[in-house]
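Chains: A, B, C and D, in written order; residue numbering restarts at 1 for each.
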Amino acid sequence: MSTAVPPARRVVAEAVGTAALVAVVVGSGIQATELSRDVGVQLLANSLSTVFGLGVLIVLLGPVSGAHFNPVVSLAAWWTGRRDGDGLSLRQLAAYVPAQIAGAITGAVLADAMFARPLVAWSTHERFAPHLWISEVVATGTLILLIFGLARTGHARLAPAAVACWIGAAYWFTSSTSFANPAVTIGRAFTDTFAGIAPTSVPAFITAQLLGAAAGLGLVVLLFDPLLPSPAREVVDAAVPAASFAEQGSSRP
Amino acid sequence: MSTAVPPARRVVAEAVGTAALVAVVVGSGIQATELSRDVGVQLLANSLSTVFGLGVLIVLLGPVSGAHFNPVVSLAAWWTGRRDGDGLSLRQLAAYVPAQIAGAITGAVLADAMFARPLVAWSTHERFAPHLWISEVVATGTLILLIFGLARTGHARLAPAAVACWIGAAYWFTSSTSFANPAVTIGRAFTDTFAGIAPTSVPAFITAQLLGAAAGLGLVVLLFDPLLPSPAREVVDAAVPAASFAEQGSSRP
Amino acid sequence: MSTAVPPARRVVAEAVGTAALVAVVVGSGIQATELSRDVGVQLLANSLSTVFGLGVLIVLLGPVSGAHFNPVVSLAAWWTGRRDGDGLSLRQLAAYVPAQIAGAITGAVLADAMFARPLVAWSTHERFAPHLWISEVVATGTLILLIFGLARTGHARLAPAAVACWIGAAYWFTSSTSFANPAVTIGRAFTDTFAGIAPTSVPAFITAQLLGAAAGLGLVVLLFDPLLPSPAREVVDAAVPAASFAEQGSSRP
Amino acid sequence: MSTAVPPARRVVAEAVGTAALVAVVVGSGIQATELSRDVGVQLLANSLSTVFGLGVLIVLLGPVSGAHFNPVVSLAAWWTGRRDGDGLSLRQLAAYVPAQIAGAITGAVLADAMFARPLVAWSTHERFAPHLWISEVVATGTLILLIFGLARTGHARLAPAAVACWIGAAYWFTSSTSFANPAVTIGRAFTDTFAGIAPTSVPAFITAQLLGAAAGLGLVVLLFDPLLPSPAREVVDAAVPAASFAEQGSSRP
């Protein structure tokens, strides 16, 4: 993101973007269950809407806040850039995460409002099983690998389309339908609809997501980092994620 | 749009583009209801056709008229550029809006003709409820935020794909299926098919859309405008929407 | 297309490309009817496969032959460039059209072979009604408007995605599912499957397509041509379709 | 791929990429069969997930290994570049292929784990018939034509989207659903789910894929190679596939 963007606006962008993302996920899930009895058709609608909506939100808000919308992405951006200070600062991280969580809850409430549902109702959708946790590890790990791998290879501007498409695929190839985002997971606990998750299932999901993020950063090192000659490495490091996120939606030079 | 494009041709482009858009929306809705009994499948077909068709129409006609196809977009383009005169002029606005409405009605009639339906039949599809109006506020507000946000960040050339994808998502995540366009709303009153809207439901939809547009412009200010340093701001203002729409489909420089 | 491409290879490319296009259309139609009983799902699969396949074929073969795959496109390319000689020559036109028709028939046979169907069986699918002909006029007219409009505005490189998406939309918003191509229409008469058309229905379809092409060229003049100042016009004419098709898949300069 | 990428990392990238690809294919197939009874909807989900996932994997890993994920692609890259040494070396080929196969098996096991299925179960899905083999010849031949044709015309950077879309179309227009990849074929023998293939059906599939690859290289020569003037040819040869794959995901220059 440009250094010209004031910190407060970045935080607002994270809140607005995460709210819109959860509204897309939850709202399209409600519409889908209202219109079709085939759960396959429901998930097709839900996943395609998410692909379309998520890609747009990253393009739109990337130049403002980096368009993380996801605590583990912000955490990884801080972690990878902590030594040279060109990632997210600890203070920014501490502002981003609550904004993302508040945004996610707001998005779930907004979706419920748009479909005349109770504004807040704890989800009764249990998602508690080892194979779901494995799925969340895989989904979050590959998401982190994707975001930081694109940054490492100078392709951060492809992130909006790539991240959206990957999440779209992961809706289907993981049994958990790929939450891969602690803020979104919390937000989805606040709606008793298709995309909801019972509050009791939340902690294990978030734990799996954190494990997945760590594994993903390991894969980044394995595939993109350690064997580059030093000078090249420095150049690459100069384009760390938090900065390069800003270019996600940016024009070709 | 290029200053080389004569005013009359711009107006024709708005009429043709809005007609084609409504023909896509209404026609694909008719085909979908003829072929499937699953309403989820129907809306999948309807929304995907709209994504494909709308994106193409913006690419094609953006260089001619700016490809608004929507009175609230034209209104917002006039409003945001009214002080420096590089947006839509009041005279252009007064020509665009009737052309869009006439085009929308023509498009509905054309769709009915292509499916051997009565050319004009008032829709009996009531869409009258508070949660639908909330949906129209959200849909129109985020559409305006998207269009003018992309222009503010220099990404207007991504508007064809981004606007089409956002509408595709909003078909699903709003309970109103996201009309978000007064001209299209009027046009859809003229067909008694899947995508229709009863004439009695039209005024409230348009009111919600106008409210949404105002809210969207507020979000543009909140997220993209006020805190930029003055010189940067002037540069940004020089690329106001009406001008930058012309670049929607344009080549990279 | 580059002048370096030998004429014989261009003709082979038109035959191969049209064969592949018809194999995609017919083959995906057969698979869809074998797997689903919902005709809406069948047409979703058929249309999405066509979008994916057609876009790829234009990208791949555009640099060789211009990737017309369609006699009315070749005819229009010859017509619009006939005065200055930078379009398709009459001799090229006379070679392209038979290659496209032969390719289309081959593609239908190949699709039947891939699904263990009789290699040639006249379609029994009657498509004979005025509203279908109106649909073919609209589908072909807008296709021509799109292709030549993109060329006029310097966006021919967007043609692969735009043409594929437009056809995908037109599968749904026209009652004829948008053949819009005389060669493909003839090819589809050779298979008695989902995408087939009874031979007796072919002549009226082709007539409607020719009328649509003429109407489309009229719209090109109305929206993109006549009011440009002379010098600009000459520049634009220098990039007439047949030449600019070659750029469809080409890199940004 | 950049010469700066160490050989071991390239091999790891091929293994990881192929594993992820098979996890996407197999996992989305399992999810689809769990959620829908309509096989058409199942294949829609399976094919769309593959399009999204495959495109992302090529973008991400192209700069590291060339993102072959497919022994016949590696074989063809070695074959076409064997004379001037700028393709894949025989030693690289000998490292890539086992990595791809090991990755594919791992991906199938991972997908089974994510859905709480037996980690390894031989598929009982027989796919043994001449029309399936014809399909594999067509699918693999056109895939090779596409990859090497894009490289020949300087469009290798479009390969991620083009290859993904073509495979998406080929899921539907071939009766075999287009395996087109010996490593993936072997991996899919290890899971008794929607996307599986009985081990006894594997050898004929791989034979057909090899025949298809040879046919595809013949088409590359016919359409892109032999008639170019010599100097141009040398320039083209300098951009042979293995090298140009590296550009698949690369920025415009």
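The rule is simple: contacts are C-beta pairs under 8 Å (C-beta built on N, C-alpha and C of every residue); 3 or more make two chains touch, one makes a residue touch a chain.
Note that the structure is predicted; figures quoted are calculated from it, not measured.
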Touching subunit B and also subunit C, the following chains: none
Copies subunit B and subunit D - rotation angle from C-alpha fit, nearest 5 degrees: 180
Euclidean distance of C-alpha centroids - subunit A vs subunit C, Å: 40
Approximate Å spacing (C-alpha centroids) for the pair subunit C, subunit D: 28
Residues of subunit B touching at least two other chains: 38, 41-42, 44, 48, 252
Overall pattern in which the protein chains touch one another (line/ring/star/complete/other): ring
Every chain pair in contact, whichever chains are involved: A-B, A-D, B-C, C-D
Partner subunit A, residues of subunit B touching it in the complex: 38-44, 48, 51, 129-131, 134-135, 138, 142, 145-146, 149-150, 153-155, 157-158, 162, 165-166, 168-175, 219, 222-224, 227-229, 232, 252
Residues on subunit D engaged by subunit A in the complex (per definition of touch): 4-6, 8-9, 12-13, 16, 20, 23-28, 30-32, 35-38, 41-42, 44-46, 48-50, 52-53, 55-56, 59-61, 63-64, 110-111, 113-116, 249-252
